[in-house]
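Reading through the structure tokens given below for one structure.
Chain lettering (A, B, C and D) follows the sequence in which the chains are written, and residue indices restart at 1 in each chain.
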Amino acid sequence: MRGPVQEAAAAVAAAVARLGANEHLAVLDLRPGRTASWTYRRAMASAKNGIYIAAGHPMADAAIDLSKPKTILSLAVPVLAGWGTPGNVIAQRAGFHLIQAEAVESRTAAMADQWLRIQPGSEEALGKGLLQALNGQSPSAAAEATGISEQQIAALWNQLKQNGPALVLGPADSPATAQLNQALGALGQTVVARSEAPVPLKWSNTAAAPVDLASIEDRSIRVLLIDESTPAESASGTYLPWSLLERKLVPDNPLVVTLGWTREGYGRHSQFVLPTGVYPEVADDIPPAVDSVAATFRMSVPLVHAPEGVVKPEEFIARAAGMEVAGTLRERAEAIHRAGRGTLFTYADGQSSAVKDMKVDDFWKALQAGGSWMDEAAPARPPAVAAAGQTAIPASVSANDLPLVAMFVDAPSSPLLSKIYQESNLHLGPGRVALNPDEARVLGVEDGGRAELETLAGRISVEVSIDPAVPSGAVLVASRAAVLDMCSAGSRAKVVRV
Amino acid sequence: MDKDFITRGVRRCSPSRFAAWLTPWVVLLAFGLYAAGLCLIKGLNQTNMDNRFAFGLWIFLDLTVIALGAGAFFTGFLVYILKINELKAVINSAVVIGLVCYSGAVCVLGVDVGQPLRAWFTFWYPNVHSMLTEVSFCITCYLTVLAIEYLPIVLKNRKLRQVPSFLVFEFELHKLVFVLAGVGTFLSFFHQGSLGGLYGVLRGRPFAFREGLAIWPSTFFLFIISAAAVGPSFILLTTWMVEKITHKRLVRPGVLELLGRISGLLMAVYVLAKSVDTLIWINRTSPEVGFPAWQYYSWNPFGTWILVAEIAIFGLVPALILLTPAMRRRRGWLVSAAAMACVGVALNRFVMTVQTLALPTLSFDKFLSYTPSWQEVGTFLAVVAYGVLVYSFSFRYFQLFPDERMLKMEAKKEVAEEPFEMAGRY
Amino acid sequence: MLPWNYGFHWNTGHVVFLGAFYTVLTIVATTLVLAVLRSRRAIAEQRVEDIGWHADFHDLSPQDRVCRHVLSGELQCRECPHAFDCRHCETHARLVARHAVAKPAEAEEEILGMTFPLDRFYHRGHTWARIEPDGTATIGLDDLGQRLLGVPDSTELPQPGERVSVSGTAFRVHKRNANVRVLSPVDGEVVETAGPGSDWILRVKTTGGGGIDCRHLLRGSEVRPWLTREMERLQLTLSAEAGSGATLADGGVPVKDIAAAYPEADWDAVCGEMFLEP
Amino acid sequence: MISETKQFPAAKYGMTIDVDRCNGCGACMVACAVENNVPPAHEGATDRKGLTWLRVYKVDNGLEYPDHRTAFVPVMCQHCNHDTPCVHVCPQQAVDLDPATGVVGEMPQRCLGCRYCMAACPYHARYFNWWDPAWPQGMEKTLNPDVTPRMRGVVEKCNFCHGRWHAAKQLAAASGEPSGQPVEYTPACAEACPTGAIRFGDLNNPASEPAQSAKKADSFRLLEKLGTETKVYYHSEREWVRQTAQAPRPPQAGKPAGKEIARG
């Protein structure tokens, strides 16, 4: 029987066979750091012209030790709203003074000790301004961009200096953030490198190195396989606007296959969208959160059977590279057990036990029962600072456009989430934009009315909510793949009534 | 054929004209039934009510309509218990109005609840502490009573009474009607009160909550008085309208004035009681639970004007007009005062139902606005149309105003030359 | 509602509330049942005609219910409490005892141009009863009644053997749109209906022993004042039903066929008024 | 049922919610819906027609930036312990206050849908099924077998996860504990809260967390003056947050009253 999966496989095989000398077979991993990611790297290493693209944080191996800093300046990072391990963040919360620099009063801004209202999209500018302040220059440009005075910026810098140890959390790809942390001595102290959980030797020997999208030459990818099956919790950080990917594809009919659980994402640009299972249906391991210093290994265990016809991205991609994989999670667990480091924490009884005292089968069982392995504390060392990340889409600069404030909502996702954005107004619903009442009046759009959001990258139909909490002259966008394709933070958009 | 059903010696328009008059109402009824059907089949999502505005147009109208329908029990009480025979001239009309109002209200309630088929639960598992239980029981009983009271009026129809058993049954039942009047009065006192209690007991809604006697909040008694006050006014109003529409004299002027006087008297009592109650509520009841009363009226559009309108403009003013014999004698004043009284009580029911729900109770609540959907309005219109139809038929074929023929003769007598001494005229 | 319901527990509230509810139900039900029983009994006892007349009498305008002794000027104002059946009326008995009705001189009375022979008794519904030598009674329409109905379009007479009762339907007459029942002045059993040329319409004989009781019927000098009142009523009715132009109150003799004289009048209403059938 | 449970030592289940810890993520709302088989929103549903047994409100101190402050207040049925407004208004005993647990129970099977109780509730914690419940195809497999889904036209509300309480009782019975003793369990919202802002327990048990924190100086209850003696305690060290538990403020200039604006 020949279903879409077989067709996709055949198409991939055919395309791979036609690969030119400097054309690539690429895998885009939206959630690096998993066992599956290793499989992709091995597959791409074995495949002809295969490359493995890890979306997301350029400092993937960097962890934040929240127990250290006394002061944290967050440049619009949702520190208190799902960032890292919420329980851990709250546990450490009393220890640090949080300054949230953000255009809108986000959940984090609301709970922060101090909220700096800056111009939408001027986080990077503020970072640069602080650097200037550090170098004793006057941050006039920053003041101009952020809308807060030079004195305030200077004062802020002093505040960070005096109430150290201080830490700056910034956008994933912000060079300024890295330099500030360098200057504040956070690197190696609060921002530390985190080693990955042990993997079988034969994996690490035969794995392609992750490639940064920016470093791939344009028009060179013929076959692009995207694993969109488990988007990271803050996917806004890792989602690569399609326009960036498209640049890298070969001009003559490239093949894009998306393995995901929604058509909303890259599926919109792919020839094939292969359905994958979602959280309670599939076994997958969970990469350590950004605030966990030590390496961890946890698994999400299937609670229900995946429906008929879903694909395991790992198997499909491996097969595309002529590899057969099975039981990789078990192999990984054995590798960890073999290393014999760290402890296993089981939630059921709240016990943690050293791995070296356990039998490998018990270890595996415990993991499957929701146990969590944690590496032993290693001496803190600074992470390898990666080069600045992808170049954002150029922002349009027409006068009457509104600066965009993009907020991520996990959408599309369980229909039950409608409770928080449709049946209550706790969250901005997917495909919705929020405007200040005055702004809305000027544009002549009503609450709940439809309008079009226009950026340089295109137009999209949105539903408008009116919210006095949105600063006048800005538009708040509940970002989803379709929106993120069009606008990165700081780009400007126009709301057009229809 | 049609003629045989019309009371002897009274003039009624031709069947074709009657049909012409009915047509628009029938259309309205059909439309309304369609709307109500939608609500029953597709559910209450067809309405604009919501979790916060759990009650809407319908409950407001039920309360109003039932207050206006109170004329039936109160006139019955005056005629059969207090033996004020002048009012015999309108008692039949009052019964029909009462029947229309109550049956209409009950039908709307049937649409208003989420599970109409479970209505019998109320009777099977009654919670005797709930005002709504009291309301359901009393209204059901009273509707039965009204239906029985309506029976003689129907059976008295010229054609029907030729059936011997009808004739006899009507005769016998009429002899016992005072019992029904008594029961009706008892029932009405209670459910009118309970309708008021409905809101007065809402301790969670300090805008509506009132202290009172024993288990009954003050609104319980206020509703009784206001209903009794507005009932006669509404009968006055309808009688006047029917006279205008049919170009006939149906009752002696004295009767309307009497109705006006009774209404005015009770209205005055009501306004007094209501004012006292309001003062107590503003100064004690509401502040005690942490709700300064003035803040209720700081949410537009329901400013203090609504309080003034309810008590002074549409309460005190009509009461005074109706209590002034000179003005009462002027038909214009009489009728408009009656109309104002009706508006006043309707406004009171509106405040109790709609404003109560519109006002926020939590500090992070919003003041809510609500506009009924066309399905809701349609259902209401169905009741109006139904009422007009039932009344029209009753007026055409039954003797709603026993004095009609006599008045017709007298009208002639006045033009006739020689004066006629009427012996034994009351 | 019922003690065996899930979650039911007795308390004062239940007792009071349900007590009141069931009492009301009982009263209403009893009233209904009572009415039904009584009407069934009435039908069994063949009181339908009687009740019909009482119902009609109840609906008459007060001045039409006036007592015969008001007509004769003995009383100022009195409404008849017995539906014109003076046989059991103490007041009547008393007044008659005080001074019996004067027997006028001549046997034939001419009132307002109408002939009212005084050898017979008159019912307020414009019928008369005459005691025949053979002890039976003949029943007929009085002169005004005849002039009202003129030549009837049709009449429904009872069959011999049927019973008629005081103020019950003697026979029905159709005239134009009018369809009236004519009240019987006396009780009795119909023995024969009118043949051609007879001035009476029904001949009845008493069922029980004894003669025919006519105490409740007008006689002699009572006839004139009554008839005067009747003429006023007629004129009022005519002016109401046939437009204000119509009047015969100038003491003029009413024409033989009044109906023919007022073609535009609602004759049903006129006859209903005059034959005491509202 | 009431008579059955009377003789047992009563529990008085209650909650404490630390407003200062709530970041308004809404996990509790979703967890609640999942646990209690509350269907996803009908496309016509709004925040006024939805089914949110537990609703997190966004509240603010009404001031302008930079003094403007926001907090998140989760509101579910407050399980009033005294003069429970909804209990005595229900015409057919579909609502009761269980003396054994202190939980205000709703019997959808007996509900007429008259919504009188909703008008009576000052906390707007009661919700009406405006639509037939419907789950996306395949999702009905994820329904919780311990909780009956409700039909259209009836009222429902938080019952402190009655299903879980029942399961806990059965577990206790199975493990041979004397039946009728108060059991310990955790409702879905408290379990799901990532910041541990929601704590649940037996207020009659002085050792329990809510019993402890209910005594804290900065803990408060919604509309305490109504005398409903709710069993859900809130806590905040911010004075203005505690103020939000009082009666509503009259509308300030600029904020149009009467118009629902997209802000909880």
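As a working rule, a residue touches a chain if its C-beta (ideal position, glycine included) is under 8 Å from a C-beta of that chain, and two chains touch if they have at least 3 such contacts.
Fair warning: this is a prediction, and the values are worked out from it, not measured in the lab.
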{"item": "Busiest interface, counted in C-beta pairs", "value": "B-D"}
{"item": "From subunit D, the most remote chain by mean C-alpha position", "value": "C"}
{"item": "Subunit B and subunit D: spacing of chain centres that average the CA atoms, whole Å", "value": "40"}
{"item": "Distance between chain centroids, defined by C-alpha means - subunit A, subunit B (Å)", "value": "66"}
{"item": "Computed distance of Cα centres, subunit D from subunit A, in Å", "value": "34"}
{"item": "Approximate Å spacing (C-alpha centroids) for the pair subunit C, subunit D", "value": "77"}
{"item": "In subunit C, residues with contacts to at least two other chains", "value": "6-7"}
{"item": "Shared interface positions of subunit B, touching two or more other chains", "value": "124-126, 129, 133"}
{"item": "Residues of subunit B touching subunit D in the complex", "value": "43-45, 49-55, 112-115, 118-119, 121-122, 124-127, 129-133, 136, 198, 201-206, 288-292, 295, 298-301, 356-357, 359-369"}
{"item": "Complex contacts: residues of subunit D adjacent to subunit B", "value": "42, 44, 46, 48-50, 57-59, 73, 75, 83, 85, 88-94, 110-116, 118-124, 126-132, 151-155, 222-228, 243-251, 257-261, 264"}
{"item": "Touch list for subunit A against partner subunit D, complex", "value": "80-82, 86-87, 90, 105, 107-108, 110-111, 115, 117, 280, 304, 307, 414-420, 422-427, 434, 437, 447, 465-469"}
{"item": "Complex interface listing, subunit D residues touching subunit A", "value": "20-21, 23-26, 29-30, 33-34, 38, 40-41, 45-47, 49-52, 55-58, 60, 65-66, 68-72, 135-136, 138-139, 141-142, 194-196, 255, 260-264"}
{"item": "Sites on subunit B touched by subunit C in the complex", "value": "3, 8-9, 123-126, 128-129, 133-134, 137, 141, 144-145, 148, 161, 164-165, 167-173, 175-176, 179-180, 183, 186-187, 402, 405-406, 408-409, 411-413, 415-416, 418, 420, 422-426"}
